[in-house]
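The structure follows.
Note that the chains are named A, B, C and D in the order they appear, and that numbering of residues resets to 1 at the start of each chain.
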Amino acid sequence: MVLYILNGLYFGAFLFLTSLGLTIILGVMGILNLAHGSLFALGAFMAAWTIGLLATGPPSTALILAIICSMALTAAVGFLLERSLIKPIIRRPLEYQLLITFGALLLMEDVIKLVWGGEARYASAPFDSMGRANLLGLEYPWYFVFVMALTALAGAAVWVVMARTRAGIMLRAIAMDRDMAEAMGIPIKRLSSLAFMLGASMAGLAGALMVPTSPALLGIGMEPLIMAFIVVVIGGMGSLKGAVVGSLLVGQARSFGVGFLPELEMPILFLIAVLILIGRPQGMFGKG
Amino acid sequence: MLVVRNLVKDFGKMRAVNRVSFQIKEGEVVSLVGPNGAGKTTLVNLISGHIMPDEGEIIFMERNITRFPPHKRIKMGIARNFQITQLFPELTVLDNVRNCVFSIRGLIGQFFKPSDNYEEVTSRAREILRRFHLDHLEGELPANLSEGDKKVLDIAMAYALESRLLLLDEPTSGVATSDKFKIMETIVKAIDRSKMAAMIVEHDMDIVFDYTDRVLVLREGTIMADGVPRQVMEEPEVRATLFGIGA
Amino acid sequence: MAGLATKRKKTGALVLLIIGFVLLPQVIPSYQLVLLESGLCFAILGLGFNLLLRYTGLLSFGHGAYFAAGAYAVGMIGRYAPELYRMEVLIPAAIVFSAILAAIFGFVCVRHTRIFFSILTLALSMLVFATLVKLYYVTGGSDGIRVGIPPVLGHAFKGMRRPQFLEGFYYYFLLGWVIVSVAFMYLLVRSPFGKAIQAVRDNEIRAEMIGIRVKRFRWWAFLVSGAYAGLAGGLWSFVNGHVTPELAHWVFSGEVVYMTLLGGFKSFAGPIVGAIVFTFLKLYAVSGTEYWMLIIGITLIGIVLLLPGGLVGGLVILLERAKARAPWRS
Amino acid sequence: MAGRLRRREFVKWTGAGALGVATGATFSSRAYGATKKEVPKGPIKIAAVSFLTGAAAAPFGIPGDNTFKMMADIYNQQGGILGRKIELKSYDEAGGADAQVKLARKLIMEDKVDVILGYISSGDCKAVLPLSDELGALIVAYDCGSHELLEGEKSPFKYPKYTLGFRSKAHLGIDNIGLALMIKKYLPNVKKIAGINPDYAWGRESWRVFEVAMKKLFPGIEVAVTLWPALGATDYTAHITTLMNSGADIVHSSLWGGDAVTFTKQAIGMGLFQKTRMAYSRGEPYPQELGADFPEDQLICCAGTHYFLYPPHDKWPLNKWFVEEYHKRYNKYPTYPCYHAYQAFAVYKAAVEKAASLVGGWPTPEEIAAAMKGLAIETPSGYLHIDQDHNGREDVLVGFTKKVEGYPFPILDPKRMEVFPAHMVNAPAGVRTEDWIQSWKV
């Protein structure tokens, strides 16, 4: 039982990191970024590549460096995306906004292929080397514990940024009412880029953390995107609290779903999402 | 024809309409006056069914329509315009009006014959446009109309619903004074006194005096006076409320 | 009179176009023809989709679900009721089945607009996708279902290979359906109902205040749109010969949006042009290079940024430029 | 000409008349220019379709594709087939069943290839093989396992299912029956089994055959749980925990490619192998993939007798040659996809030459198919026989992993290696595998 909860938390960690970016961008810019999964993939490939380069050294340092590189890269790419593609269409109708991120998704998939080739990239050294922890009589891989801890840390950091810093408060203001914020002279352009970079780097982190347990593949970003999407829908668009609660909920739902309803592990999540959408289209913590 | 009893509408803590009761008979043209935020538009919204009241009831043609959805009320003959003109920007002037005619004729759901092939409806729509002096603009999009014409079109659409009770929310606001009376003339001409009535939200006292038989004065959601304009306007309390002088 | 003249011109052009399509099989190779048939199916889908986007102002990001519904209606009948596996049963079944699904989903969706509507449609289609994938023993899971050549009015195409079927009878059968769908949609959007949903799109409040029942009309539009998608799916299943859950995946729905904007959703013909162009573009991108996503993605971004009117929109602009340069002609 | 014919055909149809066979002939001649009775000058166009990208590329697609290239090169050095040079083109199997249907249609109708040798995924095979008869082109499935691919709805069924569709190997029956027989022999007191299989044809059918066989061999055996992760899943923790709690003595898995690697790694990390024993129906490549980490004493099946150490090189030089040739070119030992690729290519070559010797000149697809039926050839892993149902028949090799000096990864313990002959693991033509197993007397 405890193991199921742990697995749920572990899976939830990835959900949280990916959905965080999605929800921030949705909240601040009102855009559903379909390319978000590709940022996850980018992080994964970058990390796999770095770890591969540092294969000779100690895995732990390789992992740390990989994480840093992935986050830096995805942040940079996020910045480029925002400036080159999102900014021009921010005032355009919905269909254009959704389509351009769709285009970005297709684009990035192939760019990744161009850079790193089509084959799967394994980089499991950190995971293999860490071994198992003994928590309250249960054997559980240290690496998974590490992932959860780091995620908690990242979540806390983002919360501090959003709640305590000026930038964060202004971001929340934009999320609440873009025009008002603009009228108040908040530098929307710069903050939008910031939000995008923040979200992107979180996706990159998630990708980097996944790589030691599962190879980096083409199209690896599709599942995280859909999962994050479900989380955002459940938690509420643009709500950090929603991202937390949503990912915890979905993580547990999947873990126990696999354990006790193996035939429905996927549909059940969408069912939850749809039911919540019907009742509260803005999600649990979203605003109308 | 219209009976309103103890109507109440709250927005959160703020009570916009407070136990309002009044009547309107066939052939009457009633004006509704009062300072901003007195609840005039809210009252129009309640009667037209745009919003539902918290308490009280609305009886129209001997039927309790308090909970009726808008489309039912419109069928029964309650039509309204909007203070800020509400048009269909991507449809031509003709279609703006024609939609109303289709709606009231119960043809709006027809999906096989192009609108243009409904001669009878189209000619009716044209006739209305003529009546409101918009016939020369029938092919235009609303965006290309002057403010005054937009206003008139908005009213023409309400009229096109062949209503028995016409609710006009500031039909002349934002229109050059010179046009105001032209608009009112057309409206009043359009109202067939034998079976129609109108309730007009208005700020301009001249219009209240010249065109309406009765005036309701609204303040903070309650009716403070009801009667013949000239007499009511004598009451100092009313003058105080409306013009902030005397008393 | 000028109006009448242009009208005559238009009808003339239309007749020529139809004749052209009828003669096409004689000129283009069978493989291109089969591709074109795919494109025509997507054209019907696009028409239905655009009824929501252009005329009702609702962006569905899950239209694949109804396309899949039509395609699977065919597949499932073939699998579980072979005795009913006849064209005259299958096509109506595809339409009805998807219409029912659209009726149910639509009932939920039309209560929302803007991005909420899009996300809800997306989630619902993914629910369909996940279900199709998971119910392996019922739906064949991710393997999908084969679709054979059905008999038509008792005439079985014995020993005929699919390309023959597709180049012969089926092409004209499909063409017939396309013409009917286009004609019906053309009438629909000009009918009182069509004007009404446009009114709803333009100004919900006013629409309600002239007695239009906003949600119900949206629902009807959704229903028709879904039925179109279903018809398209049914017709397409015979062209492809194989249906898979991918049809209900949001990526396919995204491609539908893409096709429509590629052609230009502001114009009636846009989705049709877009669908056909997209089909060829994609297949030749896919078979031409392993980096086809790059090509599709870049074209997509280009269209959105540089040609928001789509191909048809761009064409119109060009024509007007030409007219402007040669005033005596118009 | 064909155009006019088609017009007549159309007119005829609208006249609700029946269609003549003539059109059929004109069609095939139009589409394929299948020449009669003399060997054309141009090269033979062969399309090889395998996963070149994604999780299945490294362990399956690339080795298979390498082998196709290697054999094309070798055959061309020997002067091609009937003197015609072989023009081999590789295509990516990625994109799912639908994408593959589209690709195959293009290869046949537009590029007019002589034969498609391909497909690793059972889903793709099931989608594409029917195109053989639909489009009138020869398709040889080389690696996919679905046993329903060429079996009918119920026994006895009419065969062959497709005139022009073949599979140059045995289906997944041999792996899972082989595993069951192996368990019966070495672990006779198994009480509880569980399964984790990918959620599509391959996984579902693998489990079904294994389950039926186990229930037949171990009456009253208990199935603890069966899990169906999606193809390409990245997180198996929940599945692994479920398996660890299931108390199963043996966990059957047909996971393959990246999925098998990912699952095994996470399973090692979470300590699954301390709790139970895995039985991989297609495990042969993974010890090489995972290296020393791969746990010992796990059941591994080789999808036939395809193993770089079997048949023993002294007894079967062809395997020695194959292993060395492949290792020379690609500096890796051949895995079973390599053997499968060899089989497909060799079967096609042999069939063409046999047909040619019968009809004289270059044979039509139909004639090649007729020659391929009943063909028996030598392959690096022993004898291969293509039966009347167009499906290959092979022996199967099963073993336990063991760490041995001289190899950086566990190999199959030579002392506990079993080869079950074809007749013990393949159903005869016309009988469904499940029904055949049910008919055993135990």
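Throughout what follows, a contact is a pair of C-beta atoms (placed from the backbone, for glycine too) under 8 Å apart; a residue touches a chain by one contact, two chains touch by 3 or more.
Computed from a predicted model, the values in this text were never measured in an experiment.
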{"item": "If a chain touches chain C and chain D alike, it appears here", "value": "A"}
{"item": "Greatest separation from chain A - chain, by CA centre", "value": "B"}
{"item": "For chain A paired with chain B, centre-to-centre distance based on mean C-alpha positions, whole Å", "value": "53"}
{"item": "Between chain B and chain D, centroid-to-centroid distance (C-alpha), Å", "value": "77"}
{"item": "CA centroid of chain A to CA centroid of chain D, Å", "value": "38"}
{"item": "Inter-centroid spacing, chain C versus chain B (mean Cα positions, whole Å)", "value": "43"}
{"item": "Chain A residues counted as touching two or more neighbouring chains", "value": "113, 118, 263, 265-266"}
{"item": "Residues of chain C touching at least two other chains", "value": "133-134, 290"}
{"item": "Multi-chain contact sites of chain B, meaning residues that touch two or more partners", "value": "none"}
{"item": "Chain pairs in mutual contact under the definition given at the outset", "value": "A-C, A-D, B-C, C-D"}
{"item": "In the complex with chain D, residue positions of chain C that touch it", "value": "25-27, 29-31, 34, 133-134, 136-137, 140-144, 146, 153, 155, 157-164, 167-169, 172, 240-244, 246-247, 283, 286-287, 290"}
{"item": "Chain C contact footprint on chain B (complex, rising order)", "value": "48, 50, 69-71, 74-75, 79-80, 82, 86-91, 95, 98-100, 102-104, 107-116, 118, 157, 161"}
{"item": "Residues of chain C defined as touching chain A within the complex", "value": "53, 59, 61, 108, 111-112, 114-116, 118-120, 122-124, 126-127, 130-131, 133-134, 250, 254, 257-258, 261, 265, 290-294, 296-298, 300-301, 304-305, 308"}
{"item": "Of all residues in chain D, those that touch chain A in their complex", "value": "52-55, 57-58, 62, 92, 94, 225-230, 232-235, 237-239, 241-242, 244-245, 258, 261-262, 265-266, 268-271, 293"}
{"item": "Interfacial residue positions of chain A with respect to chain D in the complex", "value": "3-4, 7-8, 10-11, 14, 113, 118-120, 122, 124, 127-128, 132, 139-141, 143-144, 210, 213-215, 217-220, 223, 254-255, 257-259, 262-263, 265-266"}
